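Here the chain labels run A, B, C and D in written order, and each chain numbers its own residues starting at 1.
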Amino acid sequence: MPFSAGQEQDYPQIFEQIVRELIPLRGKGKVANYIPALAAVDPNQFGIALQTVGGNHHVHGDGEVLFSIQSISKVFTLTLAMCFEGDGIWGRVGREPSGNPFNSLVQLEYEHGIPRNPFINAGALVMTDIIMSHVPNAKEYLLAFVREISGNPKLQYDPVVAASERDAGHRNFALAHFLKSFGNILGDVDAVLDTYFHQCSLRMSCLDLARSFMYLANAGVSPISGRQIITSRQAKRINAVMMTCGLYDEGGDFAYRVGMPGKSGVGGGIVGVLPGDLAIATWSPALNPNHNSLCGAMALELFTTFTGRSVF
Amino acid sequence: MPFSAGQEQDYPQIFEQIVRELIPLRGKGKVANYIPALAAVDPNQFGIALQTVGGNHHVHGDGEVLFSIQSISKVFTLTLAMCFEGDGIWGRVGREPSGNPFNSLVQLEYEHGIPRNPFINAGALVMTDIIMSHVPNAKEYLLAFVREISGNPKLQYDPVVAASERDAGHRNFALAHFLKSFGNILGDVDAVLDTYFHQCSLRMSCLDLARSFMYLANAGVSPISGRQIITSRQAKRINAVMMTCGLYDEGGDFAYRVGMPGKSGVGGGIVGVLPGDLAIATWSPALNPNHNSLCGAMALELFTTFTGRSVF
Amino acid sequence: MPFSAGQEQDYPQIFEQIVRELIPLRGKGKVANYIPALAAVDPNQFGIALQTVGGNHHVHGDGEVLFSIQSISKVFTLTLAMCFEGDGIWGRVGREPSGNPFNSLVQLEYEHGIPRNPFINAGALVMTDIIMSHVPNAKEYLLAFVREISGNPKLQYDPVVAASERDAGHRNFALAHFLKSFGNILGDVDAVLDTYFHQCSLRMSCLDLARSFMYLANAGVSPISGRQIITSRQAKRINAVMMTCGLYDEGGDFAYRVGMPGKSGVGGGIVGVLPGDLAIATWSPALNPNHNSLCGAMALELFTTFTGRSVF
Amino acid sequence: MPFSAGQEQDYPQIFEQIVRELIPLRGKGKVANYIPALAAVDPNQFGIALQTVGGNHHVHGDGEVLFSIQSISKVFTLTLAMCFEGDGIWGRVGREPSGNPFNSLVQLEYEHGIPRNPFINAGALVMTDIIMSHVPNAKEYLLAFVREISGNPKLQYDPVVAASERDAGHRNFALAHFLKSFGNILGDVDAVLDTYFHQCSLRMSCLDLARSFMYLANAGVSPISGRQIITSRQAKRINAVMMTCGLYDEGGDFAYRVGMPGKSGVGGGIVGVLPGDLAIATWSPALNPNHNSLCGAMALELFTTFTGRSVF
């Protein structure tokens, strides 16, 4: 252990070193192109930002550029669903890795409408349905929550992306109707999908994300708002779900290479958490075949290598 | 964080408290009965032992009783395969959770003979095949290795269990021939299975196991033998594979409830690792429907609850 | 061969004998209950009717009672789709048995949105989509077609059943959106489903059905309207698809026991064709676990046994 | 109906016409190469032969050349198993098409060791196991049976092919052990496989095969030996199983294009049956991607087109 938790390192220098190492990966990978708004993003952007429990933050490159957080929002909806129903949510969703692509209907069919975990699309739809059964306007409620924990009151949904998601979202419509056929969506399918497409369209920067995830690095307390968002035990548990299920069908590889809980999105963002220590977010739009940011995952691998940090 | 890594707590008292809490679970679960030698084990036994990086150990109940380690041996074969071929092994086995029962042929067929990870039976057979391609007598080699890292020169295979495994092992024969049909077993199928059945039959106690796993808690160095078994980086990575794939189809649940890398066996043993801190082993033969020890998993959950420890 | 094709037998007596043999099956099986309009049907009804190429017909029991033909309509939509696009339809649907329940999404996912055959729901949705791309009002067009070939100008859709199908049709919505996500529905998903739910709701009697299917027994020519509906070769081919795919996941069993091409519906109807000879329809609402009419399938088995007829 | 069952046509001329139409297919397809003995066969060979219930036969091209019948033998083992146990066999094997490749373990796992039908490898292994439980020397028994029904006392197993099958048969070993793990092989796995590999290695010509299958065209009576092999009803039923399950994962296509019950083998042979009329066999070693003879299937399609014959 070359390093104690909480100890600060020369992050600016580490970020520069990471960027140098990423040069050979530039131009590789493929930007998500299932909707025009994502396909139009410049693939050469790269940002990184971290926030420590000690209260410092460091940003590099395009780390303050807003992008579509997509599936990273699933951590927020899991958190809110747990706030409302605690461990009760596990009757409607599992917490095992899926071993299948994130939007597969196959496993859902074999397992009778109980999604494998809250981070595949089907599971996130159930979380959204839970939130909607507790608050009248889930879209506003979620937005207020993310503004609070990021400390950024200007955060917005992207209506163009949300509308595109809807137009291109036949598979998500299929998933939602399929869940409904098993009785695992209680609300109106179209309303649940509308909220879901909006949460995916949230625009945030790496710094916004690093700050937002601090409650998971800080025993459930957001140092930004000072509020206890969830219990310490719940924070550990969400980290555990991120560790085993957070990276689509590549969670084992991410744990192996990076060694911390994380969550990715097809917009190219990845957030990682070192409990008791820091949250770190990267963004680079070009994806590997498993839908995770190519440079982003490598940046986090280099970060844990250079700092000697890992939960393992 | 109520507690710093490496700090000693009053383990004897914690063990007693755990045993008290387990009382309602007594008599529940079901002993593995696919071979007579396992079915005959008294289900009411319970042992626990831990070994710290500081050099202390604590044992409770049946923590020094020998039992069949079964799939826990897969950590040893992964370790030895990595010693021989490093990251080269990943061309022949994945490192993603399977999302399927541990002895499933389905996923193997869809993925063309590349087992999902080294901890499902198919993956372990490939690891055994790798070891056998490097040493003339893999059975003796593995035994010597486990004797070294446990510090117990008396450890033995159980020939009755090994023979029973062979007689009842039609599904493992099916897996091995299936791997061979994809070219992912290089050696003789019967010889690989013979080694495999022997490694499963190894008899160890909780204390033996806690000591053996110390190289994974101690940056690759076995404090028992003083030897660097694997690199620090490799130790982290094996911990990562245990975290995502170590508990059959219940890895997500174990991460959620217990919060540390672990490996279980159908003999009723489970070993957990808190990197930089300790290794802990429990044994109780009655299993839950996912083939993991019912009392053992609960004991480890209580351990992390009572001590406030977790990698998350 | 005790019997030449086209030869008339004493059908009224055979029908009576069949009804006697069915007595022990009365009260067994289960009426489809996924929509109220089907669940309310009296399970004890039984009808049978046949029409010969020679121009005779025979009806027994409830053979002129109207019922919901449900999936039997898939033969009509396949026929119309072939009229419009001939063998071109096979680029968008297969003609192999599915080996899976009729509304499975699993196979559709593995096979990238190409349904296995036109008689599973997904395949029928594609046929409906094809028809809708050729005629402005597919619902009226299909109804006119069925009135023509049955010789019954009073046939109607059941609007209550169609609406119920829609309300309960989450899985069909899921299928249609899933097909759309693969680009295998060209039209509007809701419009295709509306037509689909209507065709399932068609109310016909056994006699209507036996007459309607005569073009398949008579080399493509409907003896009712006198029109060549499809070519002789196409008639043979639709019979072939019925033989291998017409009875949900029980086609092999039906071929084995009954020995003629057939198509069933969850309303309890089954139609069979003896090419060059006759068409026969049975109706009894109580279903076996594979969604086929329990008494209806047995009645057809007895019919081929008593008459010595079969394509084999 | 341009043609009555049993009527003779100018078969020599039809055969010549078929061969002319096949010219563009020459050199296409791929000879089975999983064992050397099959891979070495000249792909340009083509034979065809038919035998009528009236007692005539016609042979063309390489129709008297011996080749490895492979899976066609599965019809013989089904027949013998039915002779021994009648409909009792259906407790251990289904009669539904598989919707999956012929040697898939997937379906077998989902369906708990009951093979879908007797014509996939797993099902044929169960049939072989049944025969072996009734006769002391199944290999000799089967050979005597085929010699009888073909009228060719010189037929032999090919020991080189049988040995090659064994050496390359890892997947069949996997299947057999898997069946054994479900308790659906009663005998010794190696002995069952030995018989199985021998039956696949049987060498017969098109004429031998057309003659051998006459009991299925002739209501259970072999006109060659004059013996009632099975009942008329059983003959129809075996034809039904061939129709729905006889062509690997291409049965629906064969029914559609050819329109008669048939059984193929990877040696390039296909046999078809027109009940009450004739049996016909083709041989051409180059296979299509579904493991059926490319020219053979086309020859049979042309045969039913030119003669206007079909069961539909």
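Quick note on the criterion: a contact is a pair of C-beta atoms (placed from the backbone, for glycine too) under 8 Å apart; a residue touches a chain by one contact, two chains touch by 3 or more.
From a predicted model like this one, the values you see are computed outputs, not experimental measurements.
If you take chain A and chain B together, no chain is in touch with both. Here chain B and chain D face each other with the same set of residues for the most part; over half of the interface numbers are shared between them. Centroid analysis (C-alpha atoms only) places D farthest from chain A.
Chain centres here are Cα averages; for chain B and chain D they lie 48 Å apart. If you average the Cα atoms of chain C and of chain D, the two centres end up 31 Å apart.
Chain A and chain D have Cα centroids lying 55 Å from one another.
Across the assembly, chain B contributes no residue in contact with two or more other chains. Counting only pairs that meet the touch rule, the chains in contact are A-B, A-C, B-D, C-D. Against chain C, in their complex, chain A makes its touches with residues 104-106, 109-110, 170-171, 173-178, 180-181, 189.
Within the complex, the chain A residues that touch chain B are 1, 5, 94-100, 107, 116-117, 219, 235-237, 239-241, 243-245, 249-253, 255-256, 259, 261, 275-276, 310-312.
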